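Look at the two complexes coming up: chain A is in both, with chain B in one and chain C in the other.
Right after this comes the complex of A and B.
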């Protein structure tokens, strides 16, 4: 039943009485309070462990394992960053400065090539017409459901054949060919939703395809591209199995592998150090998320709903 | 200019090359390798169905990891979707600070896959970790979460349920898209909150439930980081997920052939489940005039 039929079915002169208004208002107030209670307690349940861990990085082992409250009993301990220092220095010959640098050497090139390749391919999908486009597009959708795990072994053999084991190439190269189809799809959907007027005007003015892409399409795509860059940044920072398979020299370890190593070397004894360095490892992602959480939510929402 | 087929092909070329080199070729190669014995040294030897026969008749570890993976997905997918839908429903109201809550709940999804979170998780579930401290204050004896065959998998389940944010964000957007007039009409007909949810909200968002379900299943069947880090597959293989088994076979023992066969079984499992879901969708997924909007 559509809303119009309902509206006409109602007596037009019906005005809610005072009592009715009050009742609705009270019901809304109760509902609101209940909602805040639920949201607050679920939020606390979800985020308290993180605060507790943050506090734990300033506590002694003895205190960590006895207290439920997240702050250390002696608040001056909050000025003692020795766990952070020790965690950062590690028990190996390299410090986390090396591992962070390595991570950025993977993440930054990967984000850049992802942006370029996704934009080109999405531009083609969203604006041009050619035979085979539908097929290519369905292949793209299909690969989103293809579990990467099926591809690991042959990909490894291929990169081994190319002499790229123990380099960052296997982690970066595929992204230069727009095979992170989730991102391409996100940009295609965004571009389809933007009007072509400006582009048509520019074509009449004699812009060539690359000028058009750079001066008109890319500025239009900015919100979508920011989402892509942010997601790729965090996913690559988080990536563990990729480096685990391809990187074998400790000197080349990114943060995720280095954490695993720290854990194996000193995990069960020096808890505060490990917790401290884990917190530091999360800082780049946390910073990016808090600075730009709007783009994450929008990216996650649009890819899902339009998908 | 947009009529130019040449330019269209030119811009899509990276994708064609990439999908061939990094997806379709490896996909086919993995299938071919699953019929071989390939210890990485030398060249693959064709052995027919031997890998698959060994798996089915002669490999307890395969059955163990299959059971672990399937039962994990059976728990985590519904748990995640239920929590995500519940929170989205609570958030879908004229609330102040909705953006704050949405971001706070999405945060674990962003960080949850990282090794750092796995390290911290391991720590929370230590014998004397926060979880047991809390249980102790309410008078429950400490549980050996990581050391017990029975409980270890629940630490991974908890970590995965904690990451309900992605599904929640999508549910929330869908809920916000349900036309207000429908609720007003239901209200006038005297429908209770629960009736409104059951008869108005649920049917309209079934396409989104379906989408989330497929994505979560594909996701859960490949769980690797958390069990690898937190429980290392143990104790007694109780968290030995398929993804870990495949990794061990391929990159620890270098049985490339057997690892390929295992990964194809996992792939088939995902396809079969997705297939059943697609088939069943015509009975429970509701497409009306909303189809264009929701898809």
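Right after this comes the complex of A and C.
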């Protein structure tokens, strides 16, 4: 059929005028601008305390307590980083370098043992059949509902018996036995959502259970494991109660305890120093988060396998 | 060189459910055997038992001359293609293919040779450097096949490998896989293949022999043409062929000089050859089966030269589907619905028929089957011409 016949065969339709198209486009633009404006201002409102914190690290005590605006009155103060220096040096014989190092001495081993123990336990729950599996899994989920505080006293007594008080062991060792139930649960669910075909193919290719875990399952679990590592890193970095209970020597304090200690010192507290150092304390967690963000979102939202 | 022998193979699950009931089967060396059946017939379970992914609850499984019941998958000399390809997503195509060989500890040089050779055979050398997520469905399928070939297994196992592909690709992959099998066999390489599918078209076109399964038991094992022409029971008759065979309740009746079947109020005469087999069943209920292509208009019957063997009956027209070269015609006879495949050239009167109109249709009666009403066994098998 030629184009002419098509044109004549069609009923006469109204062709939209140029003005109508422009009007529609303008309306869409306005509504889009409005939406971004509202979302943006709400977002700013939520971030304001953070901006204020940043600004406050350059202010004097008097200004901190009298102004709500985040920038210091005298903008040249923004060039004065003495609060960061003073905060870092602390009033003790140790600088924050020591405390950061201490924090990492807790965080890094803990993340590693968490990853290993979670993967092993989750692999067994998700892929093997054995008597009592359902019961064990329910118990594990049950411990997730237990308030952590109820375990503090018995755990303290236990570690005291083992002579581990004032060492980092009580902060690291539990994670080696997959007591971070939430993480184990996360990995189990992720693994349940991934098809078994690849593992079966690998069995036929000649893998034994451990080769299977290393060559196939761990790469499949990568997004979930990155989420676990990230959460564990941030939570351990920010943990205050744990070190408070078990660590008594100032030399062994992690960042969270050291920050608190800076506030405790009798006499005039220079708030800018504390605020400055608390900003510095945020940096490792933020850095790790942004580095792992891509995988983290993948791990939290999907199984990472395309159909 | 390896045949696969199943002797009284049983699969019972821990909850007591018996999925496979004593299956006996021999897959000959170099043969392309297809397992076909509806979902839940345990065809995949049997394949997975052969692969070593499921334990064998009872019976004996031999590959070649070795009993492999208790051997691990990698010691059985098998390779398997999965429905959704099961490529390792974090490895490139080359490493996917080489993975099994690396685990087996083959020297690098040999791995490289085998992989490139297989890639050449499957025309996928340009894909070796890609990750599985960068492949289309058809390409991923070829990689999955390649991963099997490099292992040079005694037996290839296919678990519905084409069911994730679109119709066109499926048809072309079907031909490729069949060709590949013949190519391997012609080269003298081990090429015994067991192929699981629920699609009877795949079964008919690919299988040298087909094993039809239902509820964990074998119904019939034979060549495609024999299955089609001489089904042992109503299940096989209905499962093989599309549109499926018309199988409707009927009664055997006596008529002048022979027997007939009564479907509702219509009597169709049966050929004299069936008399011996059905004489004792006069007055009894049976199932009457006839394939859609053995029903036609008087003109199409004449054109096929089967007018002498055909019985003409008045039918009530319901619906037609134009397939291009054929018209699928749906009609009622004696209160039961039937389907016919009529060549378009001879479908003139069907084309004009109105719903509810009476039309004369011919039934080629020596192609009809009579099945036992209860057991479904084909009672006329002895009277049919041998395969």
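Heads up, the rule we're going with is that the second predicted complex is superposed on the first by the 242 of 307 C-alpha atoms of A that agree within 3 Å, B and C clash if a C-alpha of one lies under 4 Å from a C-alpha of the other, contacts with A are read in each partner's own complex, and residues count from 1 in each chain.
Here is the rule we go by: a contact is a pair of C-beta atoms (placed from the backbone, for glycine too) under 8 Å apart; a residue touches a chain by one contact, two chains touch by 3 or more.
Keep in mind the model is a prediction, meaning the values are calculated, not measured.
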>> Touch test for A:274: chain B only (first), chain C only (second), both, or neither?
In response: first
> Who does A:286 touch here: chain B (first), chain C (second), both, or neither?
Replying inline: first
> After lining up the shared chain so the two structures overlap, which partner does A:86 touch, if you call chain B first and chain C second: first, second, both or neither?
Replying inline: neither
>> So in the superposed three-chain picture, is A:154 touching just chain B, just chain C, both, or none of them (first/second/both/neither)?
In response: first
> According to the contact criterion defined above, which of chain B and chain C contacts more residues of chain A?
Replying inline: B
> Is A:197 touching the first partner chain B, the second partner chain C, both, or neither of them?
Replying inline: second
>> With both complexes superposed on chain A, which partner does A:77 reach: first (chain B), second (chain C), both or neither?
In response: neither
> Once the shared chain is lined up, is A:60 touching chain B (first), chain C (second), both, or neither of them?
Replying inline: neither
> Which partner does A:206 reach: the first (chain B), the second (chain C), both, or neither?
Replying inline: second
>> On the A-aligned overlay, A:136 touches which partner chain: chain B = first, chain C = second, or both, or neither?
In response: first
>> Using the superposition on chain A as set up above, list the residues of chain A that contact both chain B and chain C.
In response: 203, 305-307
> Quick one: in the complex, what on chain A touches chain C?
Replying inline: 195, 197-198, 200-207, 211, 215-216, 219-220, 222, 305-307
> Which chain B residues qualify as touching chain A in the complex?
Replying inline: 1-5, 7-12, 14-19, 21-27, 29-30, 33, 87, 90-91, 93, 95, 99, 101-108, 110-111, 113-117, 119-120, 122-124, 126, 128-130, 133-134, 137, 162, 165-166, 169-170, 172-174, 177, 179, 181-182, 184-185, 188, 208, 211-212, 214-215, 218, 221-222, 224-225, 228-229, 243, 246-247, 250-251, 256, 259-260, 263-264, 266-267, 270, 274, 294-295
> Considering the complex alone, what residue numbers of chain A touch chain B?
Replying inline: 1, 3, 6, 10, 31-32, 35-36, 38-39, 42-43, 46-47, 49-50, 52-53, 56, 65-68, 117, 120-121, 123-125, 127-131, 133, 136, 139-140, 143, 145-158, 174, 176-179, 184, 203, 209, 212, 234-235, 237-238, 240-241, 244-245, 255-256, 259-260, 263, 267, 271, 274-275, 278-279, 281-282, 285-286, 289, 293-294, 296-297, 300-301, 304-307
> What does chain C use to touch chain A in their complex?
Replying inline: 51-53, 73-74, 78-80, 82-90, 99-100, 103-104, 133, 147, 151
